[in-house]
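Structures for review follow.
You will see chain A twice below: alongside chain B first, and alongside chain C after that.
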Partner chain A sequence: MSGHTPSPRISPDEIRVTAEMARLLLSESDIPKLSDELSAILAYANSLAEVDVTNVPPMTHAVPDHCPLRGDVVEPHIAREAALRNAPQRESAYFAVPAVFAGSDEGFDSEG
Partner chain B sequence: MTAADEFEPVIGLEVHIQLSTLSKAFCGAQAAYGGPPNAHIDPYTLGLPGALPVLNHRAVEYAIRMGLACHCDIALRSELSRKHYFYPDLPKGYQISQFDQPICQNGFVEFILGSERRRVRLQRIHLEEDAGKNLHIPGGRTSLIDYNRAGVPLIEVVSLPEITSAEEAGEYLRALRQLVRFLGISDGNMEEGSLRCDANVSIRPRGSTQLGQRTELKNINSFKYVQKAIEHEILRQIDVVQSGGRIIMETRGWDAARGTSRSQRKKEEAHDYRYLPDPDLPPLVIDSLWLESIAATLPATPMQRRDQYLERLGLSPYDASVLTSERELCEFFDRVLLAAGLPPGNTALLDAQRARAKQSANWLSSELLGLLNKDNRTITESPVSADALGELVRYISDGIISGKQGKDVFAKMYESRETPTDIIERLGLRQISDPELITAACRKVVDDPGMQKQVEKYKQNPKLLGFFVGKALAETQGKAKPELVSEIMLRLLSEK
Partner chain C sequence: MSTSNTLGDSFSSVADLAKAVRSRQVSAVEVTRRQLDRIAKLDAALGCFLAVDERGALAAAQAVDDQVRAGGGDDLLLAGVPIGIKDMICTEGLATTAGSKILSGFVPPYDATVVAKLRAAGAVIIGKLNMDEFAMGSSNENSAFMPCKNPWDLTRVPGGSSGGSAASVAASLCPVSLGTDTGGSIRQPAALCGVTGMKPTYGRVSRYGVIAFASSLDQVGPLGRSAVDVAHTLQVIGGHDAHDATSLNLPQPDYIAATESPLHPPGRKLRIGLPKEYFAKGLDPRIESCVRQAIATLEREGAELVEVSLPLTQHAVAIYYLVATAEASSNLSRYDGVRYGQRVSPRDGELQPGQSALVEMYKRSRAAGFGPEVRRRIMLGTYVLRSGYYDAYYRRASQVRTLVARDFAQAFERCDVLMTPTSPVLPFRLGERTSDPLAMYLADVYTISCNLAGLPGLSMPCGFVDEEGSGPLPVGLQILGPTLHDEQVLRVAAAYQRLTDWHTRKPSSLGKESV
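Our next item is the complex of A and B:
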């Protein structure tokens, strides 16, 4: 666990921000424990930093493959009724969600 | 110098353009606009567990087409990444987009501002998928979601911050719309949301080279409002700075109904999208042969057409602008030119041919488009075909009918869809340009015993020539070519 690169610690504030972005509801008492646990995980992963990767091209996927492409063809859809049957809430042909107000922190529309 | 002159706006646009593919970017659900709510959905669109993305070949091709037309560097290897945020219109909890390795980088878009040729450089063009649509019911406790649009392929065209006026931003955006329509990759319809624009606006003291704090304007959803919204934001920022305030980085939503913008999100709340390469999608690798074939079949851009019309045909900048406003119009015009007897392609033209091209442009832009506009018809709905219009131009420039007769024939063509040949034959309009026939008609007039008094008068007063020409024209029911009649009559009278 000891390397040349010091292991970064995940601060309680970072835990709070991350939880909020992931829409996780944490109680204040969970936070110190999570901070310790995540810091330990990060420190473990940080041991990879000891490997010399000079001249090794960065890799984002484990499979040495190219993105397969599909033809531009319309394929069968799900029947709307079948899709809406599992919705927690619906209104006629729409999925219904708690009101998202224009001007709320997410804006009028999504990011696009 | 007014207060506003002390500042110079700096504008960059991020434009989202829906690609007109049949199916969505990563699944086979229909990509068409509209439809009954939640009709174009499948497991992937809804983000159901286990549904995997497979990229649409045509979406990639369209993005490359745009990149090539904008002179971008096309990345033979690019990355598809997940952009995470939570919003009900995004069922997966992330949008597939491109982050640090977009498919197109650099490049530029050219357009005409006033009478000047302008160039706005691009930072990038990347591929991504659209989100669904939210319906906010005023005062309601729920919002309604339609996922038809979710997953429709988009390109995002990101300009460098080098646009310097609201007017220029408007022209740049119009040029993008025109370009995607010429390339056949999108309908560019802002009202239906297939083209959407966010503007990054900042101001700085005129002459400064540093960028000021910017704000992001969202929700500008019509051409009408692009200029207005940006103009408003520039003035708002000048106002803030002049009253001693400071511009803060924020997102502002344009409210077209009120003609103003309001803050939606401050910097402190700015999102961390936690981009990461999508584990479901290996790198996008473009085969160089494929790239070459896309380049080889790339349709001409509006600017290329414009240059061709100005340089080869000698049209005026105004005519060139009108005729390159829509791809269909360009194609119609090209067919008119062919039918009028001009050689296709890029061969150089003789002066007479350029005159004929100019004549064709006039008939199309002032006569035909005039009537079509009046009747609210597009060029594709024209009752006069390109072939028929070209034929008419040919009859006129070959001197078979006069320009004035041409107008009558044209009116009948528009009304009845008849060809000019049929109308000219039916009405017996063929102009007589046979010197023998014209000489005979002229001789009949000057030899008429009842005319001798006038012939004598003519010798004192050559202005009477018009009188004799009129008589001779009447002999031919007005079909003789007036210039020829005049020439022959002059000769006959001088022999008297």
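Our next item is the complex of A and C:
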């Protein structure tokens, strides 16, 4: 159990940090609004703190015991061309992205 | 034949329609053509379809006719039955957007399992249905493309997120459709549009090829005019799928047979549980009155009523908005402008020193592609998953979720099904509730717990309310069953529909407009 008591109010700075994590470019005018809205929703959700969850396991599936993984065998899969067809930008058989390293003008990079 | 507008309408069920196609009483091409004509005539005013696949539908119908003419097709459960697919579900070669600009132009390279199964059963995919962006919403007003209207009153919302799936069936633009349900997104629009819609037990229907919103809650299900039509469609789309690790590897019940079975279980009377928390403050008294009359109808047939309590209902919305947003923030991280969808790159000179062109491309693509509700939920979900908050929010919510499921299991020791209103409010006017996200979330209170506990749930019409200036507006009755007892829910729904005719009512204004 975390001893962390969540802050009831999400400050504009917290919104900025969260937006960076979520890879969302926010306009400055969005920030106070999101701060208010998220704070209201989380204040409402704080009612869960009243519930005793000692020794209660978390739930992710209603019937978890009947979901076998399939065998680890190679099956037919989507052809490379079909997978690339929706790419906003490609170079030969790859998805192309803006250069990752400053000064690099390569269209794509292996593992950043 | 009757004078109705589509051939689909001339048959009392999709089973009858499929039978007529299989016996060459009518051709699938003719059925499809009439359906396309009606869509062309009416959908501009309704906004049900984001895409109509005229060419693909006619080709599929022709293929069914060819197969039948060649002496085959006897096993095609949905031979020639036109079906609309929520745009959350991938269709090979047919644009799929999830109602979002970030996916505009995306053409899936493969079919979702449910779509492949429909095609194999002879169904004709007629088009893609409007929805709230990424299924986030309860009114269809969060569609990035256009709002969808309620066929009973074009100034009102059809509900959401599967608004197009419900409105298209209500307006007879297709006899059945597929929706997805994460917190009520099939049942609530079914209620608001006066049709029957079902969310099966979590894991009964494959999610492979279904765009993910909240993976532990999402489930695909059918909408139709009746429980019988819903059962036929579910029979086709359900069953184990090795491509979905959450898919249940269990024998599929005979849903169709269930709809032909008597109301009562063998040897005893049906016990209907009434959770008192679902008949509480905030429920429109006119809705309560319709729901209670429906229950009284079944009581007259011998059903026993049992009052039950689900005390954790008060926490359901809170759990839902933590779990669903956390999972969404993770699922939607894939929309980054790299492999598909919209890309917005920083312009020359826009990059600050130290900024990565790649990261800035992600941020711009996502900001431009996602609408306000989706951005809000990604932000909330990212926040609650942040280091230090995970235990307090996501983990705790998932633990309380276990307790919600236990509440239901306990209630089902005393009853076979639960009956509740589906929505506490009637279809509201477009724009009426958009300003306060929390208030919109709270209206989902009756449908959310079913997803949290993974139960099967169905909504069907149980009456109409005459609203000043609107004419009749439909009211939905929700039936919830124990985990894995989907067929029980369908059995009770079909029995109710044999006793009543609410599900046969159609919006009159649309009839007049059409030929």
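Everything below uses one rule, namely that the second predicted complex is superposed on the first by the 82 of 112 C-alpha atoms of A that agree within 3 Å, B and C clash if a C-alpha of one lies under 4 Å from a C-alpha of the other, contacts with A are read in each partner's own complex, and residues count from 1 in each chain.
Going forward, contacts are C-beta pairs under 8 Å (C-beta built on N, C-alpha and C of every residue); 3 or more make two chains touch, one makes a residue touch a chain.
Here the structure is a predicted model, which is why all the values come from computation and not from measurement.
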Problem - Partner chain in contact with A:68 - chain B first, chain C second, else both or neither - result: both
Problem - Partner chain(s) touched by A:23 [first = chain B, second = chain C, both, neither] - result: both
Handout entry: chain B versus chain C as contact partner of A:100, first or second or both or neither
Key = both
Problem - chain B versus chain C, judged by how many residues of chain A each one touches - result: C
Practice task
For A:38, decide between first (touching chain B), second (touching chain C), both and neither.
Solution key: second
Practice task
Once the structures are superposed on A, label A:91 by its partner contacts, choosing first (chain B), second (chain C), both or neither.
Solution key: first
Handout entry: First (chain B), second (chain C), both or neither touched by A:80
Key = first
Problem - Contact residues of chain A, present in both the chain B and the chain C interface - result: 21, 23, 60-61, 63, 66-70, 78, 83, 89, 95, 97-100, 112
Problem - Residue numbers on chain C that touch chain A, as the complex places them - result: 105-107, 109-110, 201-203, 216, 242-243, 245-250, 312, 314-315, 317-319, 321-322, 329, 333, 336-343, 345-346, 356-364, 366-367, 370, 375-376, 378-380, 382-384, 386, 388-393, 395-403, 405, 437-438, 441, 452-455, 483-484
Exercise for the section: Quick one: which bits of chain A touch chain C in the complex? Just the residue numbers, please. Expected result: 1-2, 4-6, 10, 14-15, 18-19, 21-26, 30, 34, 37-38, 40-42, 44-45, 47-49, 51, 53, 56-63, 66-70, 78-79, 82-83, 85-89, 95, 97-100, 112
Handout entry: Complex contacts: residues of chain A adjacent to chain B
Key = 17, 21, 23, 60-61, 63, 65-78, 80, 83-84, 89, 91-112
Handout entry: Partner chain A, residues of chain B touching it in the complex
Key = 16, 21-23, 27-30, 36-43, 46, 54-60, 79-80, 83-90, 95, 130-131, 133-137, 140-147, 154, 156, 196, 218-219, 251, 253, 262, 264-265, 269, 271-272, 274, 277, 279, 281-285
